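Chains: A, B, C, D and E, in written order; residue numbering restarts at 1 for each.
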Amino acid sequence: MLGELINPYYLQVSSFILINIILAVSIYITLGTGQLSLGHAGFMSIGAYTTAILTLNYNMPLVLGVIIAAIVTGIVGTLIGIPALRLQGVYLAIATLGFGEVVRVLFINWDGLTNGAIGLSGIPHLGREIFNLSKSMGIEPDMFGLKNNQFISLAVFFVLLIITISVIWFFVRQNNSRIGRAFSAIKMDEEASEAMGINITYYKVLAFGQGAMLAGFAGALYAHLMAYISPSDFDYHRAVEILIFSIFGGSEVIWGSIFGAVFLSAMPEFLRFINEYRFMIYGALLVLMMAFRPQGIIDVNMMNRFKRLMPKKRGEKKHGTGNKEDQ
Amino acid sequence: MVLEIKKISKNFGGIQALTDVSFSVEEGEILGLIGPNGAGKTTMFNMITAMYPPSSGVISFVGNPLSNLKPHQITEKGICRTFQNIRLFSDLTVRENVMVGNHCRLKTNVMQSVLRTKAQKAEEARVLATSDEILEVVGLANDKETIAKNLSYGAQRRLEIARALASRPKLILLDEPAAGMNEKETNDLFNLIKKIQTLNITVLLIEHDMPLVMRVCSRIIVLNFGKKIAEGTPSSIQNNKEVIEAYLGVEEEDELA
Amino acid sequence: MLKLDNISTFYGKIQALKSIDIAVEEGTIVTILGANGAGKTTMMNTIAGLLKPKEGTIHYLGIDVTGRRPDQLLRNGLALVPEGRGILATMTVLENLEMGAYHRSDSEVDADIEKVMDRFPILRERKEQYGGTLSGGQQQMLAIARVIMSRPKLLLLDEPSMGLAPIIVADIFKIIKEINEAGTTVLLVEQNARQALKVADHGYVLENGKVVASGTAKELLQDDTIKKAYLGH
Amino acid sequence: ACGNSSTDDTESADSDDVVKAKVGVISYLTGSGASYGEAITNGINLAHKEITELGEVDIELKIEDSAGKQEEALSVAQKLMNSENVDAIIGPTLSTEMQIVGPEADLNGVPILGTSNTAEGIPQLGEYVFRNSIPETLAIPASVQKAIDKYGAKKVAILYGNDDVFTKAGYDTMKQVAEDLDLEVLTTETFQLGQSDYKAQLTKIKSLNPDLVLASALYNEGAVILDQARKMGIDVPFVGGNGFNSPEVIKIAGDAANGLIVATPWFAKKDDEKVKKFVEDYEAAYGMEPDQFAAQAYDGFYVMAEAIKNAGEADRDAIRDALAEIKDFEGVLGNMSFDEEGDIIMEPTVLIIEDDEYVVFE
Amino acid sequence: MLIEQLINGLTLGSIYVIVALGYTLVFGVLNVVNMGHGEIFMFGAFMGVVVTNILGWPLYIAFVVAIVVTGILGYFLETFALRPLRGKEGVSHLAPLISTIGVSIFLENVAHHFFGSGNQPFRTSLSELKFVLGSTTVYYVQIIIFVIAILLMFGLTFWLSKTKAGKALRASAENLAVASLLGVNTKRTITQTVIIASAMGGIAGILVGIAFNSVNPQMGLSFGLKGLAIIILGGLGNVRGAMVGGLILGMAETFIVAYGDSGYRDAVAFIAIIVILIVRPQGIFGTATTGRKG
């Protein structure tokens, strides 16, 4: 019954969208302190390779692999974040782009560990692991009227959905606190923030590290979603793609970045019928978008208007300045 | 003594902005820092708040030297400033600006913020109350939700002061708060500074508006070409020859009128 | 020389100028007074072509110049020293002065540079320093020196005395007077109402984007309501 | 040049006794490697047209683009398997994509046939995964062996693209072969996809005077390497992997292409009726000579059609079994069979470019 | 081999220089990193292919056509991707980065569409001309490329620092409103600059075609990334920095291949910028920002 409705194709696309949402949030956090990173593909790859190597070579359970991957990437991000403090704007963007490229070249050349350009295959697949696990617990897909592949796709989707919602929840709350206020103050004027008693070193590195960690986390999930990774999965195009999610959707508010990830990951699927032109359209769309709505589709004003439309459930006000329900 | 400046010098790649300046700020007073353009007044503020390190000399706050501190640590210690060129967080609301000012008095960390612990909630409630109180003091209570950049110039200046007050300073440094204000607004500013004094906050004021300085300050330091040339009560400064020559000029009212 | 008819200017939906009418006679100094946020800067920027009015016309030297670009207006002698001075921070003092004469192609540019540096000796001293590293007051002097370099016919000054030492303020007004006497018409925005009215021939008072009073400088100086609102006592 | 237009099977027999099936194609149609996907799609379309005319089976084609990306390949595969409900899949173009799509197809029980995947371990991805492209592990030893025999080469230099799966895998084989044949490897140099300047590597190679250069490159980079090498005065023969084998090499490098040796399943000048007809029809349809990818795809589609015919019904499992049964299939590539894992069994031909033309290397 | 490698490095470096100058110029005026520059450069190279190979016309016409076409592309880029963002309130400084990335994606795919994804042959008799000096062969093309790079650098330096137009350009870079108040037609100045920068990209494109016979739609990205690294290395907006940075990078890449591990060639540029930025955050020749506080 249910089985008819559940199409692994849609679940697959949705799963990619969820991973992209996490990536978009990861860059949003970094951008939130005025730091522009083009190195998120690099962080993503560190996460992906860490868990892949751990699970493949050391038989580590998938969950543990992903957690360690996120932590490792967070540490790397923090280490990168410290020298990055000295760089502003475009300098930082290009330097982080450089970081991503260096990581990629390293993974290409570190043959013994990464298998070079050929990549790592046979990484435990999130869905198939869940499938095996539930089988061992006596749960069979056909108990729900599902085929195996439907069950697997559905399981992956739900796990990712829960993870994504938790991530969003975490950062929405963080934004609505003293931490979030410090982030936006730094984004607007670093020196003034410092003079007002904000430890900009701490907060900038925090944001950079959190962004990196999240990207690494997404990368680890990606590895277990694809079961195969290679350095070319994490190149310049990926870094740009991640950045564009956020800028296109709107980097002022977290919902903008999320929207960007959803829209831009889904769009190519809808544009399949004009195949040959879809990337041209994608490029042109970016140009137009910046010309007419440079702050991204969703901005602060739109969020405010949206909140006014829902007077009952007065949404959380940016930076937690707001109302009682929030507290 | 709240603040003690001992033999401070500052050199910017050849330009001697300050030379061996010493003075002290007494608890509870409103001390004026005046001098011609380029005399080094703003530079002095930048030294005190650790935006730049001094080339030589020592600055002590309530008896402790301030060397090797970062600007935010200075603020934590209880010194806060406003900027000559307004530097608000222009896209935040008025209230949010003030809340940011209160940042260094808050303690909650990432986990507490995300989990919304009791302590965090209480703290946030306190910030809100404090901010509203301060906005009341500076007369911006009706503009809480306005985006800072949409305020008029004079209101922005007051918001700068409010933001600095939110860090609960013992000493506040005001850099030309009256710039761009007309006489009526300047008058309001006078009242505000006096009110700050009653809150037990010491004030160090840079200002070119002489009527205001003379009225509000109990004591005045005069800089010229990076050197201290005079120190004293408003009336003694007004009659100081050197100061008149370098800075005040001769009243030309009648000539022009 | 300059005439504004029914000028309205908007920032997005916010209307900052509401049907302003103003006239400036050749050879005079006209001052605009008003509280913070009254719309003075908006008006100056509109006249200079930085902002486009939504309604109304601007006539300069008898020609309709509404909507012209600042560089076109400057070529015809209309110059503005903007609020906040507009110093080019990454160019040296000398280059700033040279930029003042950007549209000129005559041979007297160098001589003029010498002249303004005589008037503001500090600029000669700091010739090679970057504009951005000057103190606030030094920047203000540079801004005025630079606009003199453009040999304007009509000079718009937006709060030239802001942030200046009293002794310099007096100087600045003296210089304004001198520039005017040398044949330049001046439109002056000032918070320092008393001083401004002293040098001006004519004045307008703006409130909330509207002209609420106007008259000769003498009349305004004596007007009680104006005294109360802008002169403090 | 491709896209959905390919589904117009208007004149197909509408009788009930022919098997009706739907085959999905995943191809690399946009992005930097689109020319491979194009050749493949062309080959498939040509074969499809011919088979439709024959009327023995009625196959509906559904062609999708993966842009050479794993995620897109996977999404598209899911779409074909679950939304379009295809009975079998041909493609995807790259081995990296197959690494992802193969296991998923296997899980879904959809037979999948790669026509261009040359990396190791592709058919081993699952029961339902097949390929009719010869892997590098088969091609490279053949060509190196022949070159050594002919030139008596002892000292070689190796040059390979280290950031691409295909060229890296080719290199691994070359290295192995060099070891097995006791060759002295003077130097091993790498380059990256899309590089323009190979002079630094070539200058170094030249100074070492090798008897032979083993180059694992795709033709795009490979042709430029040959061009720069010859200009620089490196006149020794080059042995390439099978991605190096393309008429484009001659187009880009001109005379400089002479002396390139490749092992390939495909030889366009073969004195064979089938081959001649295919080359003729292909040129007529697409205005260029078919390369090995077109030929492999062409044969691949015939193999698929054969399997569908043999299965007798559009059933995924039946088609899989029929595919596994294929033996001694005679196509434009020659005679092929599948081994028990689903890998191809075939003798590659070794070719060399002489006078701006591929000829059999003997 | 050393001398040959030196020449290889200089040739590659000179091309990098020309590409980087295009970036620097636009950054110098607009404070924008034009991510579409690489693709404009790529179009220049394709124009060479079209003119010499497809139409069979002489090489100098290829230069003319490439300059014109890339100039026009520059004009479009300025009109559609940069101008709408300029002077608008609330536009983040990232916006032009994104819109020019949009341009680069667009152009790359247009090139795909028209020219196919593979390499196109670029064969001219010029690329065969050479002379032998001792044991080294030197191609005239290599010398020409080097000379063009030097000329462009000096031309630009002179233009920016000495001419009125150059100063106007710098003024516009810093503050559009002020520049226009000073009588600069900022729109024209900026458009001119973007066109000139793009045309320089076109020249570089043809030179790459001649030197390496390698022209494909992806070359914009690989050269573009190097160009970016160089302008960071040399200090953004700094002409001399672009020159030195470009030559250093060309040499470094060549020598890491010659005497090190060619696998790390693509990383050289970025390792260098990371190291340099940590030591000197404003690049080798960049001036520290002279912001006043307070």
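Note that a residue touches a chain if its C-beta (ideal position, glycine included) is under 8 Å from a C-beta of that chain, and two chains touch if they have at least 3 such contacts.
These numbers were taken from a predicted model, which means no experiment stands behind them.
Hey, what chains does chain A share as contacts with chain D?
Common neighbours, chain A/chain D: E.
Just grab the chain with the largest centre-to-centre distance to chain B, centres being mean Cα coordinates.
Of all the other chains, the one whose centre lies farthest from chain B is D.
With centres defined by CA atoms only, which chain is the most remote from chain A?
So the farthest one, by centre of C-alpha atoms, is C.
Can you work out the whole-Å distance between the CA centroids of chain A and chain B?
42
Based only on mean CA positions, could you tell me how far chain A sits from chain C in angstrom?
Their C-alpha centroids are separated by 51 Å.
Distance-wise, how many Å sit between the C-alpha centres of chain B and chain D, to the nearest whole number?
74
Which chain A residues reach two or more other chains?
Chain A, residues with two or more chain partners: 105, 108-109, 191, 276, 279.
Would you please write down the residue numbers of chain C that are in contact with two or more other chains?
Chain C, residues with two or more chain partners: 133.
Using the touch definition from the top, which residues of chain B touch two or more other chains?
Answer for chain B, listing residues that touch two or more other chains: 42, 51, 83-85.
Hey, which residues of chain C end up touching chain E in the complex?
48-50, 69-71, 74-75, 79-80, 82, 86-91, 95, 98-100, 102-103, 130, 132-133, 146, 150
For chain A, which residues count as touching chain E in their complex?
For chain A paired with chain E, touching residues are 31, 36, 83, 86-91, 93-95, 97-99, 101-102, 105-106, 108-109, 191, 236, 240, 243-244, 247-248, 251, 276-277, 279-280, 282-287, 289-292, 294-295.
Which of the residues in chain A come into contact with chain D in the complex?
Touching chain D from chain A are residues 7-9, 11-13, 16, 105, 108-109, 116-119, 121, 125, 128, 148-149, 152-153, 226-228, 230-233, 268-269, 272-273, 275-276, 278-279.
Write out the stretch or stretches of chain D touching chain A in their complex.
3-4, 29-31, 64-65, 70-72, 74-75, 78-79, 81-83, 96, 99-100, 103-104, 107-108, 119, 121, 161-165, 167-169, 172
Taking the complex as given, what residues does chain B use to touch chain A?
For chain B paired with chain A, touching residues are 49, 51, 70-72, 75-76, 80-81, 83, 87-93, 95-96, 99-101, 103-106, 108-110, 113-116, 120-121, 123-125, 127-128, 163-164, 167.
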